[in-house]
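What follows is chain A paired twice: with chain B in the first complex and chain C in the second.
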Partner chain A sequence: MQNLQTMKQKRSIPYTAIVLFIIALVLPILFRRSQYNLILLTTVVMYGVLATSWNIIGGMAGQFDLAAGAYLGLGAFTSGTLLIRWDITPWLGMPAGGLIAIGFAVLIGYPLFRFRVREVWYALSSAALVSVLRVAFLMWEEVGGPTERYIPYHDWSFYHLRFSSYIPFYYIMLILLVIALFINHWLSRRKLGYYLLALGDNEDAAEILGVNAQACKLKALMIYAFIGGMVGGLYACLYGFIHPKFFSNTMSLEVAILGIVGGMGITYGPLLAAAILVSMREFLRASLGGQMQSLYLGIYSFVLIIIVLFKPQGLGALLRDIYSRLNYIFRKESPKP
Partner chain B sequence: MIGSQPRPESSQGGVVQAVIQNIINGTMMGCIYALITLGLSLIFGVMNIVNFAHGDFVMISMYFTFWASSLWAIETVATPLITFPFLFLFGILTYYLIIHKTLREKYVIQIAITVGLMTFLRAVAQLLWKASPRAISYSIVQGTFVIGNYTIMMSRFTSAVVSVAVIYLFSLFLNHTWQGRAIRAASDDLDAASLMGISYKWTYALAFGLGTAITAIAGGMLMTFQQVDPTMGLRFGLLSFCILALAGLGTTLGIIISGVIVGIAESLAMGMWDPRASSLVVYMIFILVLWLKPRGLFGRK
Partner chain C sequence: MKKLGFTVFLLVLSMVFVTYVFSAGQAEAKREIPDKLVIGSLEPLTGAHAVFGSEAKLGTEIAVRHINEAGGIKSLGGVKLEVAAEDCGENADTAKLGAESLISKHKPIAIVGLYISRLTVAASEVTEREKVILMVDALVDSVTEMGRRYLFRPGPKASQHGKSAVEFVLGASKKSGTNIQRVAILNEDSAFGRSNAMGATESAITNGLTIVYQREYPYDISDVSSIINDIAAAKPDFVVHCPYFMDAILFANTFKESGKIPKFISGMGACGYTDPESINALGTTAEYYSNTFSYNPAKDTAQNRKFVEDFRKETGHIPTEAGGMDYYITWTLKEALELSGRLFPDDPLNPDNIRKAFLQLDLQSGPAVDTFPTNRITFTETGDNPHARAVILQVINGEPKVVWPFDTAETTAVFPRPDTTY
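What follows is the complex of A and B.
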């Protein structure tokens, strides 16, 4: 029901979105003096992209996917290896990584959905997948291995996607974010999007009504994997090395948590959650990390628990409530339920 | 983790001996894994809550054992006497503060809350005990004994025996006491159990508390031969879910058998193939079981 309400309110979003986009364009110019702030911005946007794409499989289709790290790692290794071995530009490497992530998603997702692995078990098997890939790449010495593989240094090369500043990475990540948001928005008005929302609400009921659950979930997983792979390709260039620790359980969990805290099925929710929570975490890490190790993590998870306990619909829903309340105060319109 | 067995020569007999040695080690590890899984199965089976933080409860109880044995000089094998009630209270508190409020929510909210709890416990552990691994300096069960050609570590043997004994005691508790029957009834049919005069709130709290408290015993036993660091929780969590998936819900014997299967598979992979491959094998088993036998090998439901 909530999701239907979101769709009715879509009209009011574009103006806000344009303003926010312009702010996002200007932000790096304001922060250009500090490379730390720039990589912080890029990280926030990256989590935004991952969480927004997670929204397709997790928020809409209701599959609690914990394999974001797997697709990210696959993308990073594809793009990074192509660049290191054969000097192929990441501009080709990123889509290639996305395609490999799709291939892997189909390889894993098809049997999972075919054998009706659901809910908790789907979540756990996708979490196990990340660990399997990490160990596999640790053991696969030709590509992975326990040592970092560094991407060749270039001072400012558009072809190699190596820059001595984080500003270009920020803008490329922003493009990915816009693509992810657009796909989300576009899907929520298409038949597939409605099918996915129905599946997320009640899978059995949706199947009885004639939704091909297996095909729909697989499509959602493919879209999600592709975006994850693309981000992975950029991630490798951003950090300048590839290592099996990119297949990170912690990161996958965090992406899923951002998706939930943002609000399941709300297009802008995960981005909002990423903007607030990731920057809060990094701020806490920067200000407290020196004095007390991991105090930031404690506060961060505490805030997380509080949000999930008291607003299970997520920050997106909270924002919507505030918006309609403000509408009521200023325009004397009746608040939407 | 499993490493201190003598490396036999690479003759034909040596390979067989190494395999058997690994099977012995794996069986002993598997019994402890089964004990951890029992706690998870109690929580998951009764209230259908996926406790991602279960592995981190193991981690926390290992740290408590470390504290009890290094600060108060209590023998490691005896520390569960202190940590068990403590973790029981901790579990009940967690249930009333956090879990109880999410019972009616979707499963994703429950996962989110337990993941938050997991991160919180990890942060607390890092805050209190720092990130470097900790181990106890002395325990009476250290040392090895030899049967035929095979070396058996005293600590692991004791742990396996204690684990099986505790699992047996728990199955007695679940089958022959009023509280235990209440827990089983609540897991079978909550509405009918409520009509029979079972307070579901207390039963859930009891199940959660006991499920958490079991990790105190497992943690104490693990601590006799293993070190602890703040990030090891998720590994135990996934491992116990793997065993639970293999066993299916509602069988105690199934949990022991599955635990031993996983323990042996892990030990063989580590000893015969590559030390890094242990988790690979475990998770491959996990994924294959989910595909082929979603109800587990011994599942009741």
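What follows is the complex of A and C.
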């Protein structure tokens, strides 16, 4: 009976997704007068993309990856350098950045998975990649170096992906979000998705049952890195420059936190976490940051602790519970355990 | 029906979320302050640079208080100023969000900030698009080389700091009769550090010095003993060093522990060695270290004494680089608004008119100049002040004292270091 309910709910997801997608399409039109609201929307969606792609390696495969900043930085530098040096459009630069990110993902992922580096050791290794790349790009004067490299300013250029409004950036980011969500959803119904979930649950048991852990995890890492690289290309155009500080451990950690707090393995969980937590952080920063310094970070941390303490399964699971309970109240259906 | 129910549930939830996120922005956007001009203060108030950002914000707040006490902007009918402050965080995205947020909610006539160059670059795209004047307290040279029309920097840029550090050592060595020929140049590896080092290198070459050692290092370096050994092996007469904060403490302690101390160690870029936090952290080890400053806390004018006193009341110490800089930056902005009011009485707050006023500004007296390291403030087309120059502070008996330029020095520099070992 429970499986039947889950199946029915699964079938309802595309219909719900279409409604939410229409809302997402309309939002910039509603808030077009305020550039602040538009960049906030874009930022929320950007973190949503990163956290949703993290869900593939972190939520499904159970690898506590802390290298989102590395893939984002590689994408930003690839796309930014192609544009600054050779005037190559970011429309090509973004996928090129994604491919470079895949290259580095294989470079670090293959030996780590081959030698069964897991859990905290995997987390530390992936975090190290961010720091190593930051230092390497600081020293690599031809491409990086300590000085910012500016992307030429254009009021409105689709070729250069430079706009004086955030609306185009929002829609491009939204497309990336849809792709990330679709891949999550698609994977969760494919053999690879089941293997990843099994690995995330108990890697040893999954391997005994014949799952090729190394290959599955590497595929998950490559998908995640590619999306991160694509976002990086857009990030460079959005902010107008590239700098080795883009290889940020803070951002990597934040993406992982959103993935965990959203609900490991729940497709819409990380997006939900990004929508609530990133906008809440920004709301608190804008309201309190100027007067009571650091207080907003304290409140933000407190909210995170509360979520982890009282709903360790994450915000995605919380949303599901609320829906079940409302169903019970209004339709007298038993809430799912 | 069930799938429709779930959809409606999500729809309602989305609407609640959207209302929650944008309620503050929408409500704030409607605020109009017809009798007050808002000055935005956008500084890093959290993270690694919070110590500088907090004092920069305080400098702006004190300046606005003093301007209002003095009658506001007289050419605009005595309109008063008001500070709206926001935290720009540590990253490009938070800096840009901060600029958008400030402009969207408070409609400031100008923004003062953001102390860190890459944050300034990110925010300047927003101020440029919105035609909001950006008064910059970041030192990196390239900030004014991007063709921004509404960006102005009254203070000295980083390369001027590096140049000042070398010129001070040369001047002090002549005065004391010490032979100085060999220099080691050291900087943390950000754009800020490099801009300082470029200025020092240029000045060293111009003055015929021999650069015997040059090194960049990451500011979060944890062990500098090998660098100290390399410096000692190169036997420089003096070291010019652009650190941040923690690395300056590490270098000073390691110099002392190693017992290999050159004739002089001069900081550049105003971070580390001579600021109150560094002196507290280093104790007696801070003695005889010097650094360049964009602000002269010892300038003997009534306005400066008033500012120092007010700043000390709030913090317990004399104004730092960031605090002092933002104080005269805000006064410079006030003078530009005054001029715009006189030149363009029909449309004084038009950003293009304010820009024209900035370009015509030639301050040689008044509160801005009274607290400025030199006695003149004008602006080039790029937004730099060609008359800007840094001063040198040296820690003497636990207190930072202005020792250069010699004609306005508070006391005589201790040169060479009494504890030099080679």
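The rule we apply is simple: the second predicted complex is superposed on the first by the 328 of 337 C-alpha atoms of A that agree within 3 Å, B and C clash if a C-alpha of one lies under 4 Å from a C-alpha of the other, contacts with A are read in each partner's own complex, and residues count from 1 in each chain.
Assume a contact is a pair of C-beta atoms (placed from the backbone, for glycine too) under 8 Å apart; a residue touches a chain by one contact, two chains touch by 3 or more.
All of these numbers come straight from a predicted model, not from anything done at the bench.
Taken together in the superposed arrangement on chain A, chain B and chain C clash. Applying the stated contact rule after C-alpha superposition, one finds that A:I257 touches chain B and leaves chain C untouched. When the shared chain is aligned, chain C comes close enough to touch A:S34, but chain B does not. In the superposition on chain A, A:L297 makes contact with both chain B and chain C.
Of the two partner chains placed by superposition, chain B and chain C are both touched by A:V135.
Using the contact criterion defined above for the overlaid structures, shared-chain residue A:F64 touches chain B, although it does not reach chain C.
More residues of chain A are touched by C (comparison of chain B with chain C). After overlaying the two complexes on the shared chain, residue contacts for A:A275 are found with chain C alone; chain B is out of touch. Applying the stated contact rule after C-alpha superposition, one finds that A:T147 touches chain C and leaves chain B untouched.
Of 2-10, 128-136, 236-244 or 254-262, the segment of chain C whose C-alpha atoms clash with chain B in the superposed model is 254-262. On chain A, the patch touched by chain B and the patch touched by chain C overlap at residues 135, 138, 250, 293-294, 296-297. Residues of chain B touching chain A in their complex: 50, 98, 101-102, 105-109, 111-113, 115-120, 122-124, 126-127, 130-131, 230, 234, 238, 241-242, 245, 274, 276-277, 279-280, 283-284, 286-287, 290-292, 294. Only residues 8-9, 11-12, 15-16, 19-20, 23, 27, 31, 33-37, 39-40, 43, 135, 138, 146-148, 150, 153, 164, 235, 239-241, 243, 245-246, 248, 250-251, 275-276, 279, 282-283, 285-287, 289-291, 293-294, 296-297, 319, 323, 326-327, 330-331 of chain A touch chain C when the two sit together in their complex. The touching residues of chain C, when paired with chain A in their complex, are 2-3, 5-7, 9-11, 13-14, 17-18, 20-22, 24-26, 29, 41, 45-46, 50, 54, 57, 84-87, 89-94, 96-98, 100-101, 103-105, 117-118, 121-122, 125-126, 128-130, 140, 142, 146, 189-191, 193-194, 216, 218. By the touch criterion given at the top, residues 58, 62, 64, 111-112, 115-117, 119-121, 123-125, 127-129, 131-132, 135-136, 138-139, 249-250, 253, 256-257, 260-261, 264, 292-298, 300-302, 304-305, 308-309, 312 of chain A touch chain B in their complex.
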